[in-house]
């Protein structure tokens, strides 16, 4: 983690590369060419899916090659929107992803500050335990967690969908690292300025962690938005479906081929918001990834 | 007596008060900051984990509390060929994906480590797939691999050839899942490598240029040693992640044909939700947990050694 | 409001490492005290113990007679300027300066008055709405000082506040600080490892080394009468020349025989000195090329020549192989390889015995 | 109004049928069931049935819901899956409810009644029976010379005949005889195996807690499919969706698929220019290849009711809903499934539906596993996995069968 | 092997920003040339263009008559020492030094000889197996130089190699570098913004400012006869004093009237000078407190006093409000607030006219 500076814009990413050096251009061009080719291969499946989603189902049933020529239609998307529940599912996804994001930010920031800056009994032991939590795969506690939530009658509630994600230690780990990178003099200056520990956290340090908050927030949001397994077994009522589960539920028994275009439009529909979100927050995500791991 | 009882706290308090002030002293009060998270962490991760271990010692289904059977579930796992196969599959998958992710990620990072607009766009392209959910990724790749009319078949069709049966040939399914996984996950290693590359000071490249180092020697002797730690980090992170393979296998092949693409997590899921054998599933979970813990310990040790030498 | 600070037998340990041992020091009210010493000698640690940022393992610290080492930092009524300034990056300059006052509930109008006062004094009025990131190094430095000033503390603590500035700015800010010090009447403690800063700013300098205080004195004191060889080496640029010498007494004054056989009559009383082997210390400005007719003390070959404009430093290899630095005029006609005859000023010599004790030709300086 | 929750698969199609209450206008499984519920809600303003659709087959979710103690009131369950839940006491016996609404077990077809009866009690309202069929491309059959004088397809009567006809088919048309979805699939293998074990009178589930399937009968069946596979008389790498496309595109003679495809294929055959339109489309039960009982594997869908505390009104409302569904069994049978009610099966309007004449015999032929066999979906996975391994040559036939048996028994031993 | 470097009408732009414009410069073989100028004036850019690390937009660079600006850096046969040293962090010192030689396939035994030679010369023999991370700043610096030396390049390029060292080490390394320069015969180009480094090391100094070369000359030249007011300001510490002055001619020499009415007879010939308003420039060492009986030029009040040990700088406010810095002895008895009479040395004055042209009392210096 680099010192908490303002987030570097994505265009700054290539800082390390020698720029003005004389010589070495053909090689660079060949590499760039290969990379672009690979990027096209990378994009092909996505474009294929988008193209399929814009085709009439009946036409695709006759021949898949129909995808290469007109007519194209947005009927599949209209059909998705007509599935009235879809908006409810989006709302659910927003509530769950949003709630989880806010909760994670609050808990992780507090704990990150605590672990990074304050001393309390058993701090190091607790931190190691939390770190070990990083190694617990979600699937390993799925069964027990499901039983626990059954007893607590939390299934099919928003807390039931949000709470498990809050226990993930990643955010705490990230925020601890980030707080550690902030110069300690700031705390000390504030201590001399007669500020309480909470005030130092709230007024002095927290504003400096905004890039990390953005990062963690985006990752948490993405993860929650795309989660499939837990919502599938916890939010089992139609009105509690998240978008992923909901869209999966509309897939017809044994007749997928009838609705290939429709199916693809669902894929696009569920993926697009997140891709747009990604493009929007790209620069944060990029710095986030970099910041999160290295060092 | 009473006097002593009354005065003794005061006596004790006096030196305590005079005790040197230390802003770094451990205080219970400071723990309040981590308490909220710890409560959630213990309640929703530690307790289920312990409960899972307890459960793994029971013959239990979803509807009854079950009966204690000791290590019987583990013995069953030990005797279950499919379980061993699942472990083998998981390792095979890790072997297929992790080196590829590390190497391709590094190549991409090297190619895109520049400040141009093109590089920025390409970085976006290569990272974009990482934000999609597994449901969508597998849907996309099923459509790519589907025999007859998939993207691959269409492309092969242009050359009058039939594509390999990626989803049904036992020798190829794991590779197919690996390809989809690499496509999906390549963004993260690339970004990690990019950030590592950017931490290499530009002037040592300039020094190398003045030292007459060609492209390969620059890579071999400057770049590679500089990102060694990131390389290890990427590998360990990916091992931990790819160990948890589930969605791709379940949705693309459902573990088939004949379990050759069934990873451990799918085994766990099926044990619990198809066979309703919670105890067995829990036992398998613990095995997975231990395997991942080992990987994570390696990571911890690596990063600690890093901390020492830094 | 000002502070008289009394540090009594203070010891500080980090685990097994003892950083400061049994250190006592008394700082007068309104005094500008500089802690000078090499990196790692414990200067910052001592300062931070006064501030309350480090605990005191043994001993006490008192301000105006009241023991403070048990108080939390915020209640000691001190202000500190950090080497990195430690400005709150997300707050404007004004907010940075007001933060500490707001925390103790100073009324808004008082805050406003103090802020504008400080801003005027430091000429940062036009910067009040900027964030620290938008300031130059020197401006940040002034804001950090401003943040300290508005608190009207009993004492100011500075931890190498100039070391992050570039050379030119450092000189300018040093002068500004010297001027400020006469406007703000308060006790000031200033940590540095730069002897020029110490010399130019201090009322008194505490030279520290290796867990201990080596000398406490005025700048001129430590320059002209260094208490130990360490102080002699550490203070002054270029570093004092050291030569082996044999001391004899003549007419109550010490006479030195240098390794190359040259002799030097000093102005040092030989009363308390046992004849024998000593180390002779002499600063470059007391070593000059001999002018025509002057007594020549010794001679050698110019090996390096540093033209500083107003003077020239000659690095001269003596016949016995030792090196001595001499000072010549800015327009010196010396060239590398020249044979050079030197005069050593016998009234400005120092002798160090085997135990590191020092003896000086110059009597205690004024001031 | 009394609120009932109804959880089902069959997909969602609100776009087309979200507000349709005219059941006769609806087509397809999803359209018909959606319209039926709409109509029920419209007819019964005092009751509101809220539908939750789940991804097929939804048992993971259902299990999770039962475990959470919050199951839906009414849920679609395969006959073959009923006993899993019934043995845990999770389902409400429906005898009283049905009786109160005038539905008698005797009204059900035998296959349906057997499918929902466990321990002498009825645990679900059967709505259909379904089975696998030979969907035939008559154009290719004609090219292969496999059509008799009356224009009916010639189907094999023994294993040898099957292999011979397949060979002939390939020689004449250049295309495989069978279209099977062998990729990413277990159900088809299992249903094929069950069917031909029944036809050899193999009572492999004599004891519902212990299978005996490593038998010469089973070996015969597996070897037959392996021979077809080895000779290239079947498509190989298609998954379910691709197999449908292949059949529609005329890529093979016989598509092994379920009753539910009749409607779609029939529609395609009526559309000029399609592969099925060329020479016609026919559909038949699996041919009898062995000398035993005339039989083929069948299953069915039912509506089960969860066991939980309910008010009188709620129970009454459930009864009303079940009655409504039973009454509209004909509408459901338009999907291609066989009706669960005898009366519908015998009715003229049912018989008038396309191809029902040729598939009607399955009402008699249809045989399911003994009702007491649990975890039939898990067993299906095991059989499918092992069979595919054997057929595609990954494993020896004997070894597969041995593994199949031991794995199933290990599963059943640990219920 | 050594290099004569010819830079002809070179221009460099970054986008719309022109960093260097039409710059020409000729560096002699074996010359130690220093580029001196404020931060951002384009020194590094020029150096990096010579090295091939930046492309040349217009103009040419030639070494020994052969044009090199189109060659990649590795083929120009130059060695560079970076400000940050740019040592390869994961290679041992020996590997760092050998890397460039291995790249061009120098035989192992030759490499070994050159390495041990350089190690001996730089006294880094005992460090050869360490990694750069295990070295101190000064040691790293020497390794970086060693890496350059073993390549036996036509010319050495140094980009502020001393600026990362602390003050004491900087002085020491500067001296070492001066010694080294006489052992390694090669052309050297040295970039710095520290005028002391430039003064002490250079054969000739190129003073750059604002895209242009202000002056090229020997250190003494630029110190005693600065070509422009900029050079006068930039070179010398403390900075030259500037005072408004009216010039009249008397007996063929210039006489100056200062703002407070004081007059100063200079040793400057008034031949080519039109009488009128000028700016008088005079260095602190030419301004002294007047001794008893000496002519007093002007007087003022001491405001700041910097004791540097061997001399004392007096910051004196004149009656017209301007500030002048005077130099006094190390043991100066002046105190803040003292009234002080000053003597200005008329033989060491500089005049600057409105166009920035300079006139000097001193004739061209030797060397």
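Think of it as A, B, C, D and E in the order they're written, each chain with its own count starting at 1.
We take it that a contact is a pair of C-beta atoms (placed from the backbone, for glycine too) under 8 Å apart; a residue touches a chain by one contact, two chains touch by 3 or more.
It should be emphasised that the depicted structure is a prediction, and the values quoted were computed from it without experimental measurement.
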Touching chain B and also chain D, the following chains:
A
Report the chain whose CA-based centre is farthest from the CA-based centre of chain C.
D
More contacting C-beta pairs: A-B or A-D?
A-B
Per the centroid of Cα atoms for each chain, what is the distance between chain B and chain C, given in Å?
55
Using mean C-alpha positions as chain centres, tell me how far chain C is from chain E in Å, no decimals.
27
Taking each residue of chain E in turn, which ones touch at least two of the other chains?
48, 52-53, 72-73
What parts of chain D, by residue number, touch at least two of the other chains?
60, 64, 67, 241-242, 245
Which residues does chain B have that touch at least 2 chains other than itself?
23-25, 62, 148-149, 201, 206, 209, 273
Which residues of chain A touch chain B once you look at their complex with the stated criterion?
10-19, 21, 24, 27, 31-32, 34-36, 38-39, 42-46, 48-49, 52, 63-65, 106-108, 110-111, 113-115, 118-121, 123, 126, 129-145, 147-148, 163-164, 166-169, 172, 191, 197, 201, 222, 225-229, 233, 244, 247-248, 260, 263-264, 267, 270-271, 274-275, 277-279, 282, 285-286, 289-291, 293-294
Chain B contacts chain A in the complex at 23-34, 36-38, 40-41, 43-49, 51-52, 55, 62, 108, 111-120, 122-129, 131-136, 139-141, 143-144, 148-151, 154, 183, 188, 191-192, 194-202, 205-206, 209, 215, 230, 233, 237, 240, 243-244, 246-247, 265, 268-269, 272-273, 278, 281-282, 285-286, 288-289, 292-293, 295-297, 300
Residues of chain C defined as touching chain A within the complex
48, 51-53, 72-75, 78-80, 82-84, 86-90, 99-100, 103-104, 133, 147, 151
Hey, which residues of chain C end up touching chain E in the complex?
39, 166-167, 171, 174-175, 178-179, 182, 193-194, 196, 199-200, 219-220, 223-224, 235-239, 283-285, 303-311, 315, 327, 330-331, 333, 336, 365-366
Note which residues of chain A are touching chain E in the complex, please.
18, 20-24
